[in-house]
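Next come two complexes built around chain A: one with chain B, the other with chain C.
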Partner chain A sequence: MSGRTVLRVARAVFKESVRDRVLYNLVGFAILLMGASYLIGQLTAGQDVKIIKDLGLAAMSVFGLFIAIFIGIGLVSKEVERRSVYSVLAKPVRRSELVVGKYAGLVLTVAVNLAVMAAVYYAVLGYMGWIETEAFKRGWEAPAADPRLLIAVYLVFVQLALVIAIALFFSTFSTPMLSAALTFGLFIAGHFGADLKNFDVVVGDSPVRYVTAALYYVLPDMAAFDVKTAVVHAQPVTAAYVAVTTLYGVLYAAALVAAAVVIFSRRDFK
Partner chain B sequence: MSPAIATDGLTKDFPVGFWRKRPYRALDALTLEVSPGEVFGFLGPNGAGKTTTLKLLMQLIFPTSGRAFILGRPVGDLAVRRRIGYLPENPYFYDYLTAEELLSYFASLFGITGAAQRARVSALLDEVGLGAERRLQLRKFSKGMVQRVGIAQALINDPEVVFLDEPMSGLDPLGRRDIRELILRLRERGRTVFFSSHILSDAEALCSRVAILAGGRLAAGGRLTDLLAREVRGWELVVAGIQTEALDRFAPRLAKATAIGDGRYVLQVPADQPVAALVGELASAGASIVSLNPVHATLEEIFVSRVQAAGSARTGALA
Partner chain C sequence: MSGGDGRGASDRPDAGRPGVVRGLVVVALLLGAAVALQLYRDRAYPRPEPTVDELYLASGDAARRLALSYKALLADIYWIRAVQYFGRTRLESVGRPSFDLLYPLLDITTSLDPAFNIAYRFGAIFLSEGYPQGPGRPDLAVKLLDKGFAHNGHKWQYLYDKAFVYYWSYRDPERASRWFAEAAKVPDSPEWLPGLAAFMLSQSTNRQRSRVLWEQIYRTAEHEYMRFNAEWRLQQLDAMDVIDRLNSLLDRYERETGSRPAGWSPLVRRGWLRGEPLDPTGVPFVIGEDGRAAVSRESVLHPLPTETAPAPAEDRPRSGAGDGAAS
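Coming up: the complex of A and B.
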């Protein structure tokens, strides 16, 4: 696999998706929501900064998720459906390079989007910190523009990189609509890892416990990436936890991209 | 010299049906060769297997059996793709890239970068008549303009072999003329052009050789001049000095007799009539033979007869 070809494909995906109006709308909406969270904060005495922190992180996560799913599902299936893939694959490009390049391009797009949203987020929080009196700020658990919030933003990014891999995987063999449904379904199911793990307490020695145990290990553990509550309430998130979670996300995404490459490489474009 | 393109028993089955999949043969044991420097017309009605063949040559689909080679190497070889260009049928590109950006991206995939890339992209956009629209996003392009971009991207690497799937599709008469001229320029530069079409006038104007595909099978093929010469659909006989009553005796054996003045007649003789015997009998009846010429079938007539023959053979095989 040629790294240069992957980068060239990734650059084209980035350029195309950044210009896609859907993306502008979503980013605009995210910014709007953060503005709204500030207004809500104005109405809530004493809890305003916490609400802004919470809402801001949730907005980044939700809008990042929409970008990852709705552009991710089209990465391959839209190319195949519209036949733009024909011209690309007639060039000296391996199918694996195209798939990996597309993945890298969208990960880059999501990273830039998160960076823009984080910048707006910190600007709002910085403003909050600047207008409040020192006496008022003494009641806060953490400063407004707390750098530890970046840990949550970073893990949202790792989670979205995994979501893109899921969307890419499904889009190599199914339609955009089905890919969206499956990706979203897997994202939701991935939040119930702890319930699946403890299911044996409910069902006892039934064979169902083996199914749920298997599901627990197979489904992506999306809850692991969610440290929003911890950082907003100034609870510690260790470097080891961040490293292990990152490694988990990277390995899971790599396995999905590898599976997508295998499927895509064998596919007939009818 | 090895052929520019060669296929050997190339066959493709597609599974059809929802529950119980059964194979549908889209291409059946296609064997053909295209020499370097040729403009080769790949003709056939819709659904004949033209696009399937091109997709097999581009490895967009994989053959059920048989092999294909381009420039002496298997089609899967990445090095082959550095030397070829391909225009898909009804091409579609990225909505939010400009024509210039798309061509630059495709050029970069061949390792063409920097000043060489800018020069190549600019020259090609001018060549296909899109110089003024180079900075327009592709979603604002008409179908004909997208087709022109498609042709430009197929030539981005100055390919030795160019594959064009229905290149005239979506183009107005001026656009079709431009593309015809472009194909002729490619031929002058010694490039091999393999193009599929169901517009026979284009094939007649451009091709040195053609293949006619019908029902997934090769129905006819060869040099265009040979193919047209081989197919005699009758004779045109000009006679003089024969009385009308005498000529009437020959009427059942003629398709048509037209008086052209000065006692001369143009006689249309069907291909199934023994023309030599007829000429002898006319001479005995007092006619002098002015000229005798075979009437060749047009490409369209050959096309229709071969496609119909292939259609009835397929129906017979299925019955």
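Coming up: the complex of A and C.
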């Protein structure tokens, strides 16, 4: 597999997403955050900075999730539907390079999106911190533009990289609609890991407990990437936890991309 | 929209200015017609008033599961709803307002975000507020603070607030003293807490104790609202002190003349008062039907707190009282 070819494909995916006006969502994010920072100040008793922090992190995750899923499901299937896959594969591009390049391109798109959203987020928080009095700030658990929030943004990115891998995997053998449904399904199911793990409390000694325990380990643990509440409350998130969770996300995503490569390599386009 | 294979003249993109303007006019007309139709429909077929006092999710656990990675955001939404529900019920309700949903809203908020400090602390203030200004449920305030301390064992403030509820709402200095002492045991708690615990058991009057507590809160409050609330309570205590002095003047007047005055003028004429007495917010005190001095109903200080133990929570109207929500 040539790294240069992968990069070329990745760059093409990024350019295509820019051409498809994917980055327009950044304008929506900025308007949402600035509008909310004004409105929330009128609605709640002195918790506007906490709420803007929560809202910003949740919005980054949701916006990124939609990009990851709705572009991810079309990465391969769109090429096949449009039959443009023939012209791509006629070039000196291996199928594995195409799949990995597509994945890397969308991860780059999401990374750029998150970086710009994080910049807007910090600008709004910085402004809120600047206009408040020192007496008011004493009630805050952490400064407005707290650098620790970046830990949550980073883990949102790792989670989205995993979601892209899931969408890409389904996209190699399924229709876009079905791929979207399956990816959303796995994203949601991945938040119920704790319930699956403790299912023996409900079913007792039944063999079902082994099935649910197996599901717990097989399904992607999406809840592990969620440290938003902790960082907003300035609770510690250790570097070791971030490292282990990142490694988990990378391994899981790599497995899915490898599976996508295997499936795509065996597909017959005649 | 010409048929056939070839593109007719009408199929070509119309980039000219008149074409764009015509298009915009058509869009505006169609939208205007839709809005007009909606106005007509709303008049002809009025919609039922939306039910704003809905819990939507009755269980904190269910809410936590459904929120996926967005628990904190959902907690914020429930917190805003709790604040608005409390404020709206307090302002709009006449007669016997019902605060039934207040505790469930706070319970769901804190189940979604167990570190939501202000939801516990303000929530306890809201819940312990005497009826009808609040639900008059110090028992639920204590329950909420216990939940807060169970999740955040380093927060001495929850035990401090609990002690405060015991003192202010239950008029129980002994239990208040015990919880101030418990709060003092939490690492990094302030060094004035043991003194406060001892002061609760001193021979001071209730009002003196209250003043010391509110002054302490005013000095150490982390949040503007708590400082504002403490300032308001201190103003109420000031008003109660003035009322005591006014009542002694009214008693003296009665002793000398055999009757209670209907207003302050006779006392002013005798030189006992420099003018109409004003409460700390600048609203004149009134003489009630019982002939005793009181704050005006127009004053934000009305009603003043009672100095006897409040009625038990069971006496207040409640239909389930909101304590049924799972935590």
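In this section, the second predicted complex is superposed on the first by the 255 of 270 C-alpha atoms of A that agree within 3 Å, B and C clash if a C-alpha of one lies under 4 Å from a C-alpha of the other, contacts with A are read in each partner's own complex, and residues count from 1 in each chain.
The working rule: a contact is a pair of C-beta atoms (placed from the backbone, for glycine too) under 8 Å apart; a residue touches a chain by one contact, two chains touch by 3 or more.
Since the structure is predicted, the reported quantities are computational estimates derived from the model, not experimental observations.
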Room on chain A for both chain B and chain C (clash or fit): fit
Touching partner for A:Y217 - first (chain B), second (chain C), both, neither: neither
Touching partner for A:R8 - first (chain B), second (chain C), both, neither: first
Partner chain in contact with A:R19 - chain B first, chain C second, else both or neither: first
Touching partner for A:F136 - first (chain B), second (chain C), both, neither: second
Which of chain B and chain C A:I188 touches, first, second, both or neither: second
Broader residue contact with chain A after superposition on the shared chain, chain B or chain C: C
First (chain B), second (chain C), both or neither touched by A:T229: second
After superposition on chain A, the shortest CA separation from chain B to chain C (Å): 11
Residue numbers on chain B that touch chain A, as the complex places them: 14, 55, 58-62, 78-79, 81-82, 84-88, 90-97, 101, 105-106, 108-111, 137, 150, 153-154, 157, 163
Residues of chain C defined as touching chain A within the complex: 65, 68-73, 75-76, 79-80, 83-84, 113, 115, 117-118, 122, 222-225
Touch list for chain A against partner chain B, complex: 4-5, 8, 11-12, 15-16, 19-20, 82-94, 266, 268-270
Of all residues in chain A, those that touch chain C in their complex: 40, 43-47, 50-51, 54-55, 57-58, 61-62, 135-136, 138-139, 141, 159, 188, 191-192, 195, 222-223, 225-226, 228-229, 232-233, 235
